[in-house]
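Going by the order they are written in, the chains are A, B and C; count residues from 1 in each one.
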Amino acid sequence: MKITGTFIDEITHDIPSQNWGPDEWAADFKVMRSIGIDTVILIRSGYRDQAVFNSWALRKHRPMLPARQNLAELFLDLAGQNNMKLLWGIYDPGDWEIDGRQALDINREFMNEVHEHFAGHEAFAGWYLTFELSRHDPQHVELVLDSGRHAKKLTPDLPTMISPYISGKKAPPGMKPIPRSQHEDEWRKIFQKIKECVDIVAFQDGHVDFLEAPEYLVLHSRLAREAGIACWSNVESFDRDMPIKFPPIDWRKLEYKIDVAREAGVDKLITFEFSHFMSPNSVLPAARNLFNRYCERFKLNIEDPNSNRHGQT
Amino acid sequence: MKITGTFIDEITHDIPSQNWGPDEWAADFKVMRSIGIDTVILIRSGYRDQAVFNSWALRKHRPMLPARQNLAELFLDLAGQNNMKLLWGIYDPGDWEIDGRQALDINREFMNEVHEHFAGHEAFAGWYLTFELSRHDPQHVELVLDSGRHAKKLTPDLPTMISPYISGKKAPPGMKPIPRSQHEDEWRKIFQKIKECVDIVAFQDGHVDFLEAPEYLVLHSRLAREAGIACWSNVESFDRDMPIKFPPIDWRKLEYKIDVAREAGVDKLITFEFSHFMSPNSVLPAARNLFNRYCERFKLNIEDPNSNRHGQT
Amino acid sequence: MKITGTFIDEITHDIPSQNWGPDEWAADFKVMRSIGIDTVILIRSGYRDQAVFNSWALRKHRPMLPARQNLAELFLDLAGQNNMKLLWGIYDPGDWEIDGRQALDINREFMNEVHEHFAGHEAFAGWYLTFELSRHDPQHVELVLDSGRHAKKLTPDLPTMISPYISGKKAPPGMKPIPRSQHEDEWRKIFQKIKECVDIVAFQDGHVDFLEAPEYLVLHSRLAREAGIACWSNVESFDRDMPIKFPPIDWRKLEYKIDVAREAGVDKLITFEFSHFMSPNSVLPAARNLFNRYCERFKLNIEDPNSNRHGQT
């Protein structure tokens, strides 16, 4: 079971830019397709003052930096050319504690604008609701529900997706780890609420110890099935265990997480994310090596154009 | 309006060494010249126990590590060969709170030594006063004044330069952000003091939100003009917004900052700094891509010798 | 005096993986041999839930991640093929405060297993006792003693090694710096205890100011000689002075540390570690440049297969 989807993180808040232009992106989509990736997920199309295109809806609500390159069009075109589906990540105001209500209001108008301009594109295949849930916080869940309902109103036949995280041992700073039983209780409730308008849930797999991952994956599979929601796994290809935030993950860890996700019966594997952390085109040479290890494991004969001899990238 | 100056940061306190030898430096100066850089600014010629040459003045005051390679000569020679001017950054004792008085005493003797040995070089074009001002702290201003006066005594006809920072939203740890009105008040006073012996002020552009940058740039231009001082902008080519301190900046941010600086009417654009963050020779591949984006924008036909095909670096 | 030994850090806790496979490792051992490295030291063969091979002894004590590639065999074979000795680093439970007793119990059984399976290999040349001492803490010293005695019981004729650190100005977070006189007192006591079963002590050289290094190196040499223990220096090839933890060290610092170690009369120089921080095969291009500087200094004519022209790596 291979990774067949990846996030695209070009409006980023913590991963440094690779400074790719259209040619570099075209090369990377080609490699993605060659290893079987059929789905790309824009992690967000706007964040604070940055967006993938010059949106009037966002500019109405707040000052925005210019977007000289229309990345929305670029990514949709490249997805189309490579027979991939693109799930469109909505706008993230940056701080949902403060901006919860505002996030909803902005996003409704923004999603209308996106729908009008981009939903007709052959690659436009649904919505990624960019708010990352973890706990059963009614206000946070409401953010997802509200944007999910709006997505269903705009495009009743297209799927919506979320990628929550576990408040586990490696929870982000400020989040208290909770036991698995509590995670189960809270997510049973969340799933019952969100099933109204969320079709796919892809938990991030990096906030628990590796040895705990199998039980969480089985749990998520079961809860999702109970709620009639598809269960994907977001097999993170960056390493959360290092002082540098973040390098490409150790291949041994990635391989382990792929295997236990398959054994847990998840429906599809995606990753955050291919272009920085496991692409032969990445600015991070360890990512190029990770790509080689991945191809060896799955017997993919991809020629790495960066290599001029064995063991060199 | 292109970037026509760059710092050189080879006595560094927070940017890892690229471990270049004379050949690598020669290659990089050649690239600099090819994109129109006419000025290099040594950010400092000594820091704590390290210096660009074996200085007797520094050794008199404190134990120093050996400098086996005379980088002062190397950089002056390379600047001369490429028809560039070099502004010489003075000694930084590392902690000016403690060492304020000492910093002055050491630097007077050190500058005498530098003057005697290097000021006759064709590329030696003035002094960079390495102390980074931000607030109207009389003691800090005095440090700049004292070294500036000494520079003028040694070389009355050569310019002196400083590169202050804004105590803005992204101020360094330990610095309290202040409102723009207060920044204006304090810098009006500072400019009136330093105009006696400072010819060029190049504010670092990275400590405020991008959307605030235009107003700060206009303000600095105006205050500098009032004081009869040249106003450059230090268009930082590293990214202050990432957990990794520091990667090359996102091209979209750099392009935006170049444009708003031009619109504010500054006299010249320089960067901190070319060799790590936007050179095709950098150890950071994202810098090589940043170079390509920059050359595309300004229609510079520079062949990147690292590239063997489109989209690869 | 060249560096003739290096750690191998493939079960790591703070250095990101390069994601090398057997071919990349083979290439790197070849380069090591070509510059005169005759000793490799496995820094640890297990850490928490990871190990270099599927050990029944470890699995008996705690759940472990699978080790699909037997790195123990790989490294021993590559060492053998390149006429190198391998010192085997034992198991590190991750937190010796909590797990002191357990660390001893696990390691005795684990060392038995290692002895049975790997000690017959031509390259197996002794043990590295992976616990890093710094202060005269009787419990910590006991950990080293206990594992050292067990090593001597298993292989009376093979050496044992430790690599302690100085609680100096750059001591790790949580460690209080102590004066050199106290370091001397405590280590005189430690040496007298450990000489029973420790043959080689290689202090890490990175926790003091560079200018203090000579006095510490002379001190360690003298104390080791008094105790009849060989004194190596662990010339760290990563930089402890940067915000990024960790980049390759500045060549000027490495050269200085090599020279002062030689002058202090240490018996051998090793480094932590070659493959990430000073190899031409490293994912870190600054390491490739460090390799070039090192080869220039020692007039080693190694062709760097990554280079296609001067100044490019």
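In the analysis below, contacts are C-beta pairs under 8 Å (C-beta built on N, C-alpha and C of every residue); 3 or more make two chains touch, one makes a residue touch a chain.
Just so it is clear, the model here is predicted, and its values are computed rather than measured.
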Set of chains adjacent to subunit B and to subunit C: A
Numbering shared by both copies at the subunit B-subunit A contact, with half separating same from different: different
Approximate Å spacing (C-alpha centroids) for the pair subunit A, subunit B: 39
In subunit A, residues with contacts to at least two other chains: 244, 284-285
Residues of subunit A touching subunit B in the complex: 13-21, 23-24, 26-28, 49-50, 63, 65-69, 244-246, 281, 283-285, 305-306
In the complex with subunit A, residue positions of subunit B that touch it: 209-211, 239, 241-244, 247-252, 255-256, 284-286, 289-290, 292-293, 296, 308-313
